[in-house]
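Only one structure is covered here, and it is reproduced in the block below.
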């Protein structure tokens, strides 16, 4: 074995943070899809938003090993915050996204102290309760949230004062694309920071981390707050681009959907959430068009098969494939 | 008299009716090399867990360089200068040794809490972590996943991780346990090369190692200190020979 | 005042239904460490079995109830043998995902086979209406629920506390490996315990139709309630599950009566508060 020098070590550390082919392909393909599927812009926008939401969960679960069973609470809260703002006369989109993020982030921060101190199955249960609580609260306050019919009357001002939100969703698509991409960059920064390294350490061996002088409670509080903020921003995007907020944004099903997207796409990869969202939302669109029940059936089967057979999701499968190709190439 | 590097006063721990640690008072002097020996079940591991804050004592107190630390959490004790290695390797299997050390170094340099700070842009963290890996002879393996390393080399990483926190007091929990003979030489070297100003308390069953490194030996039996002294005194002590050395045979 | 007595009885009756459904989940989660999200789907199997046997095949009520338990046990055992046992060693997350997959398939299958409508159940005349006890009118069906709940609870306690089967289960909860090395077939024990939990869920599902109704979304609607009952009670503790089920049954019914505008909010807030203070549950031990 060759000697490892300081330069090599530095290079390897830098390589960890380098863009992978899969990441580049996704963001290029997502931009190209605008031109390839001009009639599907609403669906594509939902994929970007769903992917952003799944990515926010990935920060917690895939990097920190902290499961959340009620992450839709933050998504929905962000959606309602941005929606209410717009429905009550402030339709400026960018500040609306920040408002959604701030609302969800504050809630996330408030609960993070509790979540940081419980372990194992209790984490699942506490997050589940938070999700259910918010759902109940929203459904019991129809005067504020619109209840079962959803929050309506959202009027958006032109983006940056220039681009009207059109019926075809062109502005909506690029708006969601840009926001999701910027937040993706931020999340990338986060997982490649010392803070992100600590997160991975907790995933690998939670109880060892304090003995490095690193407070797991603080790490979890930071992670939870950041994740909730991004989830809230994703929710705000959905409210602004669809101009309606349904109770479903807060539902248990949406929390589960995000988990499924992550597993399908590949956990602990950031881009996996987006790939999973693309697969999930596209399949749901196709299969629900046949019959809504078919969709559930196939989703269920896919989940069972996924757990029993594939590990690492799409990203895992793709990187195994590229690894195999590389090996074939070197063998020649 | 200057404060001891680490001191316990009448430390007690009960699990239900079981008294595991019973009034242990220890003084580890600055830069000291002290071994803690005793038969299985003497309460050595419990003592380490009490010192590091994994367990809370039933009564008694712990002082690190004169300041009480028994109300602090584990990570706070580490920031105050306590370090430890684990009896069974407790590492991060899919991080590389370099990354593991970088985490400890980044913490000590106050780089945590800044989620947008790029790790690869601060070469000082990398450089320092690499230097530490090299200092224990781990530079060849420092870019592979930790899980792929042989057991003995993982032990070296344990030591590097503890050193990365620049501890004043280092607790070594059976540093040589489970290391095959072929890999033990490097480990001995690493232990011998530990900084002189760091006070070391080590638990060890390997009597060769104990008599080679220790300046003071404390014998713990049934949760209490049986006796304490230089290696020579301990070796001659009839009581120790009876309860410990004689029976164990090693 | 009399109204309050009836509401309280309603709460206790609901508590027993919750206990029957959650009891099995507590066993699987606590004993096998298996996060079975499909547990409410087994309750649904029992519910549909009873409703269809009574409605379509004209079975007598009690026979249909027994059959509901048997069918759920069989389905549960088949699922355990074919799918779940492969994941006993897997991470919680994988268990959750696989069993949620089962939930989705169950929902789709129920919609396809039975239809999406609410299922009603006709109970025999001796269970219908009210029983007059002096000045109080008591709902017969709720009394029946409480009565059968108590009977099942007592036999369950007897089974676990006073039989070798129960002793083996308790041993396996305490230390799986040790139990296995005593020559006990832990694998078979798990399958039996799983079938038992499924049977309870099936019974609970069948008994609950009159209170809660039954439609294909049942497995997901009640999953959350069951999870909360189990985790608040403390994983693996039947006593804790019983306490929590009673607590939530009563809080739910009384809360919905006294403060209808807040609804289930009280339950979830209570659960969150309890879990925050005691993450290990009311009767659980810290792991």
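So that you can tell them apart, the chains are marked A, B and C in the order they are listed, and the count of residues begins at 1 in each.
Just so we're on the same page, contacts are C-beta pairs under 8 Å (C-beta built on N, C-alpha and C of every residue); 3 or more make two chains touch, one makes a residue touch a chain.
Owing to the predicted nature of the structure, the values given are computational and were not obtained by experimental measurement.
Enquirer: Work out per-chain C-alpha centres and flag the one nearest the whole-protein C-alpha centre.
Expert: Chain nearest the centroid of all protein C-alpha atoms: A.
Enquirer: Relative to chain B, which chain's C-alpha centre is the most remote?
Expert: Result for the farthest chain: C.
Enquirer: Between chain A and chain B, what is the gap in Å from one C-alpha centre to the other?
Expert: 41
Enquirer: Between chain B and chain C, what is the gap in Å from one C-alpha centre to the other?
Expert: Chain B and chain C have C-alpha centres separated by 49 Å.
Enquirer: Provide the C-alpha centroid distance between chain A and chain C, rounded to the nearest whole angstrom.
Expert: For chain A versus chain C, the centre distance works out to 33 Å.
Enquirer: Note the residues in chain C that touch 2 or more other chains, in rising order.
Expert: none
Enquirer: What residues in chain A touch two or more of the other chains?
Expert: Nothing qualifies.
Enquirer: Quick one: in the complex, what on chain B touches chain A?
Expert: Checking each residue of chain B against chain A gives 52-53, 73-76, 78-79, 83-84, 86, 90-96, 98-100, 102-104, 106-108, 111-120, 123, 125-127, 130, 139-143, 161, 164-165.
Enquirer: Given the complex with chain B, which residues does chain A contribute to the contact?
Expert: Chain A residues touching chain B: 1, 3-4, 6, 8-10, 12-14, 16-17, 186, 189-190, 192-198, 200-201, 204-205, 207-216, 218-219, 222, 226.
Enquirer: Going by the contact rule set out above, which residues of chain A touch chain C in the complex?
Expert: The touching residues are 61, 67, 114, 117-122, 124-126, 128-130, 132-133, 136-137, 139-140, 252-253, 256, 259-260, 263, 293-294, 296-297, 299-304, 306-308.
Enquirer: Which residues of chain C touch chain A once you look at their complex with the stated criterion?
Expert: 29, 35, 83, 86-87, 90, 92-94, 96-98, 100-109, 111-112, 220, 224, 227-228, 231, 235, 261-265, 268-269, 271-272, 275-276, 279-280, 287
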